[in-house]
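Chain IDs A, B, C and D follow the sequence of writing; residue 1 opens each chain.
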Amino acid sequence: MFEIFGIPSQALFGQLLLGLINGSFYALLSLGLAVIFGMLNVINFTHGAQYMMGAFAAYLLLQHAGIGYWPALVIAPLLIGATGVVIERLFLRRLRKLDPLYGLMLTFGLALVIEGLFRNVYGSSGLPYQVPESLEGGRNLGFMFLPNYRAWVIVLSLAVCLATWYGIERTRLGSYLRAATENPVLVRAFGINVPRMVTLTYGFGVALAALAGVMAAPIYNVSPQMGSDLIIVVFAVVVIGGMGSIMGAIVTGFALGVVEGLTKVFFPEASNTVIFVIMAIVLLVRPAGLFGRTG
Amino acid sequence: MKFAATLAFAVAALFGTATAQAQDNVVKIGVLTDMSSLYADIGGPGSVAAAKLAVEDFNPAAHGMKVEVVSADHQNKPDIGASIARQWFDVDHVDVIVDVPTSSVALAVSEVAREKNKAFLVSGAASSDLTGPKCSPNTIHWTYDTWMLANGTGKAVVKTGGDTWFFLTSDYAFGHALERDTAAVVKANGGKVLGHALHPINTSDFSSFLLQAQASKAKIIGLANAGGDTINAIKQGAEFGITKGGQHFAGLLVFISDVNALGLNTAQGLVLTSTWYWDMTDANRAFTKRWQVSLPGKFPTMVQAGVYSSVIHYLKAVAALKSAEDGRAVVAKMKEIPTDDPLFGKGVVRADGRKIHNAYLFEVKKPEESKYPGDDFKLRATIPADEAFRPLKDGGCPLVGG
Amino acid sequence: MPEAPALLAVKELEAWYGESHVLHGVTLDVRTGEVVTLLGRNGVGKTTTLKAVMGIIESRTGSVRFEGKELIRLSSDAIARSGIAFCPEERGIFSSLDVKENLLLPRQVRPGGLDLDRIFALFPNLRERLNSQGTKLSGGEQQMLAIGRILRTGARLLLLDEPTEGLAPVIVEQIGRTIGALKAQGFTILLVEQNFQFAAALADRYYVMEHGRIIDHFAAADLKASTEKLHDYLGV
Amino acid sequence: MERVLDEPVLVRRRNAGRSVGAAFAVMVALLAAAPFVVYPVFLMKALCFALFACAFNLLIGYVGLLSFGHALFFGWASYLTAYAAKAWALPPELAIIVGTATAAVLGIVAGGLAIRRQGIYFAMITLALAQMMYFFALRAKFTGGEDGIQGVPRGRLFGFFDLADKTTMYVFVLVVVLAGFLLIYRIINSPFGEVLKAIRENEQRTISLGYKTERYKLFAFVLSATLSGLAGSLNALVFQLASLTDVHWTMSGDVMLMTLIGGLGTVFGPVVGAFLVVAMQNYLASFGQWVLVIQGAVFVACVLVFRRGIVGEIAAALRVRL
């Protein structure tokens, strides 16, 4: 095995791959944020809590209904997405004509409520969720032992991201979404029920977060605070990528996961901060973010 | 003016009651713990329940005393802990604070207790500094500490063949101390430390640290961390085939609540040191049964048992002095009379404030070995009380002469 | 054709932008098959009238009847679905959509809309640019796209807001011919226009607006007689 | 996307001076009498947060910028003050200056980066920058990591007043906070403040009038950061402790809640909000987990039905400015 800057290539490739796994979560979450932001002009601070709710939904489905991982992968996002629909209808819709900062504050408050409730009921030391049997074990890639489940996370997240991209950029329904992002008033005057689309879009973005939560459940413990720390990193990812494009959100998510992984090899002390430092640099060079549109 | 009136009303309504309470002869025990966060299952409501059981068993009426238990959540933040402690002592006439998981909070509360001359009985916090350089005539450290954990687990593991170590260390004072102490024990017993990886507190993804541990080929991966971090590290270690690859985890601070969170399937084989286990004696089982009335389905940790034990002993000392006013005097009394309670048996409190009792080395059972809920540990060794804790002279506590 | 029933009947229409009251009781009607033009200076409320009819301005009162059905309480998507199509002044071409997606965007609300081939017959340029980004088209092409896409919907009443604004005379001429052709095909059109020459060639009737009110109304036949007045109104 | 945060409370300016003056007098009287009734440490804490919230309000209420990272200034000032007082044994007045100056410098850096974007982006950037510095505080040696800096001596003010004395400390905190309050009031009613409000209403128009709005915004940001730092410095001395709590993002959330409850863009709102939130945290502590839920619910309620906040509603009802 050769070495790069004194680091065995083994460790390097291993960390790169791990970075990609983390990137999967960043990408799914920032994608959801981008989809929501596009239609609602709201930064969904509840996103972290909804990610957590996804994980809890998987856990509770298993505990109380005996429903395993595979069905949960579909059911949990639908359930949590439905709560998103309710949130949009009850709360966000009433703020549409106000400054988007109110949306941020509202979703922040909701995040506190949700996290508090879950802490209240489930404590905080985390609840276990097993890797599904069919994905147990792993394979030795030579440079590292890659658990099958983690490989699955990369594949699934990539697939969901690309499917979402395709759906938005290449389909009829997606053209409605893009058009409504640009000029909702006119799209509505073309006979399309934009408010319903907004509601469903929010539900969809929330469902993406919940899906990420289900995917995370077997890797991390299911715990009420799992979302709140992650969400701030994802915000930084979003600022770096800019809210310009769906692809931007996906690419930035994966790329920053990898960068973070590399930092863990070369300069572990900075692994928490590297994304924020990149954010500062990107802001200096390209205030609109890497994929953002100015103006 | 409406605004002024509102403000005045609000102020009066909210705070007016605070100072209204008169001084009386009630002994007030404040359980200051983590009710909502990382260590809520280690201490938390379970500690409050334990304290209440202790009061019940002490039977204050028989001693002509009145005892009240209050509780608050310090959220693992030293600032919140210190300000609650201050307010309890200043305003609410609390005489003693018990539990306080999280070393940083315990150190802060210890300062306040000393300043206000009240008693402080630590059960939840780990730092051996509490009876070392930062010892206080008002503080007793009851259940366990970092030195004891390092000594118990470290020595036992090396002696059973785990002679090469790699540490996953929580990157703050508690983790550093735990690693340092354990590394010293490992080396003293002829083992070798191959390396370490520092991880931030509350890390959700340990995979990259585990990869380093794996690459080190050390037999033992020592977890110098606590709570959720320990849980996550072990869980993800299983996923990366660490245990199947022949490496073993040594959890330096593992509680039964952590084991339950992990599930036996993942936690099996884990070696840990504890000073108390619910299923060891009939007295412990009886206590557990009563305790479970408040927390059904859970099992008390050593911290919660320590709260019980420390409260019993405290009340005995207060009864002997007939006053809880002077915290220093009560603590001195507690050091003077020997301890004896159903959970920890007979013991002593040392001059530096260290409570001395046995420690036990446990191994987590395999799922098939566990016959009923909570049947998690099997005993591997008993560390006698006089070996379990740091010798008095090594602590550097200014209270100890010479 | 004064005896024909009004396809669109607007009565006492009032509208507000936030706090400011912009329409003060607009009353007009458009009969099936007509081209009716709203004239007036900048800022008198012509565009607002179209938007209020379309429900784009939500705070409005009065009555808007289309085919006898009251629309004033409906949202703009429901109004569109009842069979009215709107082409905004700023054309509203979506930059994130290509030409084809722009064309296919408005919902088909009734059978009998023009299919793509017939739209390309009207606007041959569009066929070649089908895969370009919508906003990469020239101003004229964008206007054609904006009109073309609402022809697909099957709506028989078109609200066109200044379709000639900022376009070269050749293009204006082409748009004029197109509107003529649409009229011949039986579309009913309510047109807002500043370019009086352009409107004169097309319209059956005119309404003149000032300060959010209709101040005058005459048929094409009376145009000559009204020229003087018009110069006054429009300040030409 | 340069929308105004909210329709400002319409007021009659001629009443303004009188109502604010009267309310100020009442506030001072209440605060002077309060320590005889209320636990002084609680009062001092609430006062520090009142100053913090007022500083935060300067930015959101008068410039329309929502900073989600104000804990950065509060917390780092608190660290530096604590460190200066403990490790360098500086007298309290110098320790406070060290802390406040740190906040000012951080304000220049963070502000310089953040005001490049507006609205939600601004909020996210300030949040991310603060979080970065949170991790730095967690790692840095001098902050004591999880332990924080404990046992900070209060020292003797100007070598003369012993701040270990409760009453002296209270008077000191009260004087500093009132001075900060008056400074902010002065700023928002100065020509500079008028430009800030113009930016809030419509930045494009303000630019077209020839104002370099970026500079105004940056200056307001730095001012707000500095005063937040002053609050953090005081807080460190009151509790003789600087800890991670002070730099954590929940602190930024708290100050946002205080300002929102009290009333964005009102003079007294942040003060009222600070007292309410601090009281809530103190007196609901026994409810444990529910504090978070209650705080969140109050947030939601404020945003949905109560956007003017308490003081804003009162002011609107009385048709005065407060």
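The rule we apply is simple: a contact is a pair of C-beta atoms (placed from the backbone, for glycine too) under 8 Å apart; a residue touches a chain by one contact, two chains touch by 3 or more.
These figures come from a predicted structure and were not determined experimentally.
Between B-D and A-C, more C-beta contact pairs are found at B-D.
Compare each chain's C-alpha centroid with the centroid of every protein C-alpha atom shown, and the nearest one belongs to A. With centres taken as mean Cα positions, chain D sits 36 Å from chain B. Rounded to a whole number, the gap between the C-alpha centres of chain A and chain C is 44 angstrom. One finds 32 Å separating the Cα centroids of chain A and chain D. Centre-to-centre, using mean CA coordinates, chain B is 77 Å away from chain C.
Of all residues in chain B, those touching 2 or more other chains are 36, 200, listed in ascending order. Among the residues of chain D, those in touch with two or more other chains are 135, 138-139, 288-289, 291-292.
Annotation, chain-chain contacts: A-B, A-C, A-D, B-D (touch as defined at the top).
Across the complex, chain B meets chain A through its residues 36-42, 44, 197-198, 200, 202, 204-205, 207-208, 211-212, 214-215, 227-228, 231-232, 235-236, 239-241, 245, 257-258, 261-263, 265-266. Touching chain A in their complex are the following residues of chain D: 1, 3-6, 64, 66, 68, 113-114, 116-117, 119-121, 123-125, 127-129, 131-132, 135-136, 138-139, 249, 253, 256, 260, 288-300, 302-304, 307.
Against chain D, in their complex, chain B makes its touches with residues 1-4, 6-8, 10-12, 14-16, 18-19, 35-36, 70-73, 77-80, 82-84, 86-87, 90-91, 102-104, 107-108, 111, 171-174, 200-201.
On chain D, the positions that touch chain B within their shared complex are 22-23, 26-27, 30, 34, 37-39, 41-42, 45, 135, 138-139, 144-148, 150-151, 239, 241, 243-246, 268, 272, 275-276, 279, 282-283, 285-286, 288-289, 291-292, 310-311, 314-315, 317-318, 322. Chain A meets chain D in the complex at residues 37, 41-43, 91, 94-95, 98-102, 104-106, 108-117, 119-120, 232-233, 235-236, 238-239, 269, 272-273, 276-277, 279-280, 283-284, 287-288.
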